[in-house]
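Remarks on the structure that follows.
Lettered A, B, C and D in written order, each chain numbered from 1.
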Amino acid sequence: MKTPVPDYLLEIRDACSDAGEGRLADYIPELAAVDPDRFAVAACTMDGVVYTAGDADAEFTIQSMSKPFVYALALRDRGIEAVLEKVEVEPSGDAFNQISLNRDTGRPRNPMINIGAITTHTLVGPPGASEDERSEVIADGLSAFAGRRLEIDGAVCESELRTAFRNRAMANLVRAGGIIEDDPDEAVRGYTRQCAYRVTVRDLAVMAVTLATGGVNPVTRERVVSAPVARQVLAVMATCGMYDAAGDWMSTVGIPAKSGVSGGILGALPGQVGLGVFSPRLDEHGHSVEGVRTFERLSQDLELHLMNTTVTEVEAVRSVRFDEISGRRTFRLQGPMTFASAEQVLRRLAEIPEGPGEVTLDLSRVSSVNTSARRMLLEAMRRLSAEGHTVGLADPGRRLPEPDLGDGTRPVTRRAAR
Amino acid sequence: MKTPVPDYLLEIRDACSDAGEGRLADYIPELAAVDPDRFAVAACTMDGVVYTAGDADAEFTIQSMSKPFVYALALRDRGIEAVLEKVEVEPSGDAFNQISLNRDTGRPRNPMINIGAITTHTLVGPPGASEDERSEVIADGLSAFAGRRLEIDGAVCESELRTAFRNRAMANLVRAGGIIEDDPDEAVRGYTRQCAYRVTVRDLAVMAVTLATGGVNPVTRERVVSAPVARQVLAVMATCGMYDAAGDWMSTVGIPAKSGVSGGILGALPGQVGLGVFSPRLDEHGHSVEGVRTFERLSQDLELHLMNTTVTEVEAVRSVRFDEISGRRTFRLQGPMTFASAEQVLRRLAEIPEGPGEVTLDLSRVSSVNTSARRMLLEAMRRLSAEGHTVGLADPGRRLPEPDLGDGTRPVTRRAAR
Amino acid sequence: MKTPVPDYLLEIRDACSDAGEGRLADYIPELAAVDPDRFAVAACTMDGVVYTAGDADAEFTIQSMSKPFVYALALRDRGIEAVLEKVEVEPSGDAFNQISLNRDTGRPRNPMINIGAITTHTLVGPPGASEDERSEVIADGLSAFAGRRLEIDGAVCESELRTAFRNRAMANLVRAGGIIEDDPDEAVRGYTRQCAYRVTVRDLAVMAVTLATGGVNPVTRERVVSAPVARQVLAVMATCGMYDAAGDWMSTVGIPAKSGVSGGILGALPGQVGLGVFSPRLDEHGHSVEGVRTFERLSQDLELHLMNTTVTEVEAVRSVRFDEISGRRTFRLQGPMTFASAEQVLRRLAEIPEGPGEVTLDLSRVSSVNTSARRMLLEAMRRLSAEGHTVGLADPGRRLPEPDLGDGTRPVTRRAAR
Amino acid sequence: MKTPVPDYLLEIRDACSDAGEGRLADYIPELAAVDPDRFAVAACTMDGVVYTAGDADAEFTIQSMSKPFVYALALRDRGIEAVLEKVEVEPSGDAFNQISLNRDTGRPRNPMINIGAITTHTLVGPPGASEDERSEVIADGLSAFAGRRLEIDGAVCESELRTAFRNRAMANLVRAGGIIEDDPDEAVRGYTRQCAYRVTVRDLAVMAVTLATGGVNPVTRERVVSAPVARQVLAVMATCGMYDAAGDWMSTVGIPAKSGVSGGILGALPGQVGLGVFSPRLDEHGHSVEGVRTFERLSQDLELHLMNTTVTEVEAVRSVRFDEISGRRTFRLQGPMTFASAEQVLRRLAEIPEGPGEVTLDLSRVSSVNTSARRMLLEAMRRLSAEGHTVGLADPGRRLPEPDLGDGTRPVTRRAAR
């Protein structure tokens, strides 16, 4: 059987294609010379499988889509606190090229607008890194996110530099305000270079999913940034990624995302998927017309939305079996164990009469146990044990590490699924 | 066994308590007269169980926490489109009482700031509803969210009205701009009444979870608003609920939330939990000091965060069994079936050599199947059937409705778990 | 001979008339019903002669042109300092109906925009004045400026009140901010009434010249406000009177002015003239199209501009006569004696060789002596006396009061013009 | 006799001196190293006499006080219209270093704030002027205003350039917006040099009076700019010169002025005087503390204020003599003839019964006749002549050029003062 996933993407691509709407970016000749009808889409799963439709190998410059990843590198290299002291994380309500500084602190409002991204750029690498060293760190970092060596488009980079007056204004402003310590011209050169890396929609999807997994590139298995860094970047993309349309995007699409003036948009739904779209005609906000439409469709059709309320309707306790002869109760749990599902389990355990008796938790159908669920299950087992029950555990997948019952003993290990 | 969940809440409450920090709201005597040391917290699960710690029965006025629910009622009564024509959904970057109107459209920036909430208030009930009719609809609606009849605190209401100059200014402004058609004084009276309902943390948790479930109050089982309405409200809470600290809240807490000047904060994590906290001392933004701290702690300790990337690390295909004799392949699926998990399943199905053969999908451990997953699984089953396979389905829980194979036939029904 | 001045005004009126441009105000029916082709102009001299051209007796409502005069009454009744504590005097760069409050102080930016004018209105009369008392003070005050009893246009007043939502918003805002202490509805009623007085261009010219003279109505000879109050009002008209076009008006017209939505504009050039124009079609800023054009023409043709540099090219010392026989020097002074002209005189006196000798100042051609000139002339006379000269004074017009020579003596009085 | 004027200045200087208040500018070491107690004041009369008090020869850099003069040079070189297309003339309500661009046009709000001054700088000299050529034009122009060759302080210039990040931001912004066409770095270099000229208070007073006279340096007698240019500069100084305190300055001081961060303030009262003050300690707005106080005192004590209403209280008609025998009427006029005074004359002439008769205007005591007064007097003489009067003119000073009576004849020339 051929998997139907690429066909779905193709179908969505076709449904969202509407040649003619929007305009190419034209502030540099290189962007204006692109074939306006190109259109590609890609999705990368949490375990690194990439599906594509359209001109999936067409390269374009990453532009502003570099911002979340360079922000991730800065967070990694300087720490979240240190970066927050330079760049805030509030939506500005302004377009990408506005001078959005906090009136009181002088700090850029967030790292997704240009003035914040230029500032963020200077925070990559160790303090005091030279221009070349920083370029190297960024080249390595972006490539690690993409899972392949990315290259700069020299012509675009030079064109951008020639007309980078507004960005130079920004860099000088944050330098004047003591926010950056670098030479402003150097900062603009580096930032312009960062925006000129050539990528494909495949790269976008892989880069995005590397945030969605919590920092591990699922294709190369390389950990690029830590989970807290990935979470921070996703949170900022959610509120600031689409500039002055953050609220609208959150309600209609609900996927943390970032767009670039070259026509790309990438999106990362935490724990679920990474997405990339490319179509160079832009709307008045500078977002790809077909790209926005594609994201709306992906969100609706695939129910990919942060506010989806139906995702985890799981009965955490699949069954309770009571063996009248042995007096043993077996609780079969299933699905991922989070606070919500563990709470369901605890509620059922709370119904058990006081001991002595036998209680076994069967975790063989449990897919994962997060920290809070682990604490809750262990506490329940300890309480049952303290009340005189013999507690058993069937955990062939070892989802529950170190099941200490509090008195130094461990639960009786049982085979699952009897 | 006594469930340890309340003890967790108590522990968190104690850890976040820090008598002395912050100040009571004092613009009306009723708020200034509250015992500043009160502190309660509540959580309500997706199936309606409420856990509390602290002064859980202490009543306080709902204040701005009424905004998301009255917004929900307006969306229900007028439709999402019609409400968006009056009130936008962009974070304003301003404090709650600022005059944040879109320069071009004259519309309030979002329904969580006062000027937007006053406008939203006038959209509840049918067009042309009288002041009394609207009050009735709101009384019924808020009570339905809470699952009990809520009452107005008359003294607070009257005190607020006496000093409601700023809100009257807002109402007159949107009336001057043609955004509302009601008499501004009437709008302010109604809005002030809406803010004066007495609630407890238990109410807050139930009201919040009614959004988190997609609109159904899990205690009363009543559907209060539709799923799209609930999603819209959650999205707006996520970007605008905490006023000018939206980005910071998204990164440190990551729970759609709303606070009130009485000291309450409520939070709703879609598909997971509803939360309510009450502690009347406020920080300089007007948020409860201990309330904010409690939410930060709940988010961290219980891993309740929209950007959590680890939640759904589920192996969707629990096992594949190949019976060499019959040539039958049985795919045991588990957990919730979403786009992401269905994709995993399809990938494994794509490895099956061309038919003829027998392929059975065992859904007995599947907790739910969403629309996109349903489409994907059915398409896979059709393709397998078209390739000559005999397709079987073990779905005792009927997670997959109407499993049509495309040619009018249905898969062979099998009992699960052989 | 018939004076040609009215013919000049008529000529200017005709040159500036261009039927068709601009639009009537139409937010209330009364303003929209005016004959759009009406056009009148008036000028009032410092001694109370009024020249008019066009429909000089056509009445229209005073609207925003009441602002400088009610500001003058507030300054008179409460003192300049007390009023400055409530309303600032900075140009706002905003349109008349914008909410221009100083971010730090919460005070309206100036008394010429609506929010400042509403605030100013509440400062007329003694503290604690009732609504009726204040109305009476304003009726008396505006009438004193105009030199005749002005009446309210009841229909306009009621129409304005029905749609005064924006002004009610303003009044509630300044009440909320503690800037005004009155009931906001009362303030709006009073302010609306203040704007509804019926006036003619003749009234405008007389009211304006009453500021230009330093507070005395030259027609009735009544002192309406003090000179410092008049100066303060003129200064504020100069920087804030034309709203967001203050700088442009200052460079092209250079006459402190105020316009009203009814189509009137009044201007007051300190020490020179009062002007009034009426033509009801408005430009996009809400100023009378033909009114603006007329003021530009008046400024150019009549060289009425604050920045005129040629006005006072006076030879202060008309002649010096040296009588060789008596050794007497007679200095004939002329024109107004200010710092600049007195300085010229002193410079010539400084050339006199040390005494003994005779020095006479002949002030018979001097038109006025201001305080600084008086001090300077007296000091010079004292020094001459101290150097041994016999000092004489010919001052038939008594321009130089109390000419004490510092040693208790007085200069020798001489008849002028020998 | 020694003239007491310098003693007055000294007295004012001493009264305004208050060692200790305010702080030196310290953003470059050169400014921080100045003796904080220096304090000098100078006044220059319309005919070029300079009075000084204090450290009158102390040099300091001109800084922002160069802005009005370079604006004047740009107006001269490109024309008022062309400059207005690049830089507006509205008060911005912002501090000197704010990015005040008109939202709609992208143009700097006025030429007195840095972003407008940098733009203005690029408009000096012919279009396409090289950096060196422009520097030369500015050196010549500033020197012509001062009446001596000014020199640049190289150390200050270099220090400023090293930290000119904010100005470089401004220059890049206006370049990005297409307002300037020059290289931004070049513009900043040139602007920084313009601000580094060394001046004394004497220079400031002479430069200021050169505007007050309408463009002629009264010391060197050189016309530096035209009268319309001078008037435009004075108007802009009046509304924008003191940045965000324009309205306050207009009401308390009323002298068009400009201050510099080095501690200087210059003021120009049209037709009256030029003033310069220097004292390096600054208030929070960046204005010299003692400088501001001195200007307030000069305005009050010397009655130097644009809104002074008492200046021209002149009886334009000094006397009317009627010779019963000859039937001749002689009108003796006096003082400057402006619209206001000519109107007085015309009013008296209008009282003459119809001719025949003899009417003589004696202008021998008239100090000046401006264009509008000339037109009015001539028209009156023509009307009298047309009514049958024999019109005579005694104008020994030739104040009234080409007195054509309309029918080709001229009035009878008479000797004055019979």
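For the reader, a short list of remarks on this structure follows.
Note that a residue touches a chain if its C-beta (ideal position, glycine included) is under 8 Å from a C-beta of that chain, and two chains touch if they have at least 3 such contacts.
The structure presented is a predicted model; accordingly, all values stated were derived computationally and were not measured.
Hopping across touching chains, the smallest step count from subunit B to subunit D is 2. Any chain that touches subunit C and also touches subunit D would be listed here, but there is none. Averaging Cα coordinates per chain places subunit A and subunit C 66 Å apart. If each chain is reduced to the centroid of its CA atoms, subunit A and subunit B end up 21 Å from each other. Across the assembly, subunit C contributes no residue that touches 2 or more other chains. If each chain is drawn as a node and touching chains are joined, the picture is one closed loop, every chain linked to exactly two others.
Two chains count as a pair here when they touch; such pairs are A-B, A-D, B-C, C-D.
Residue ranges on subunit C touching subunit B, taken from their complex, read 99, 165-166, 168-173, 175-176, 184. Interface residues of subunit B, counted against subunit A in their complex, comprise 1-5, 8, 45-47, 49, 88-93, 109-110, 211-215, 227, 230-232, 234-236, 238-240, 244-248, 250-251, 254, 256, 270-273, 301-315, 318, 334-336, 338-340, 343-344, 346-347, 349-350, 352, 365, 367-368, 370-372, 376, 379-380, 383-384, 387.
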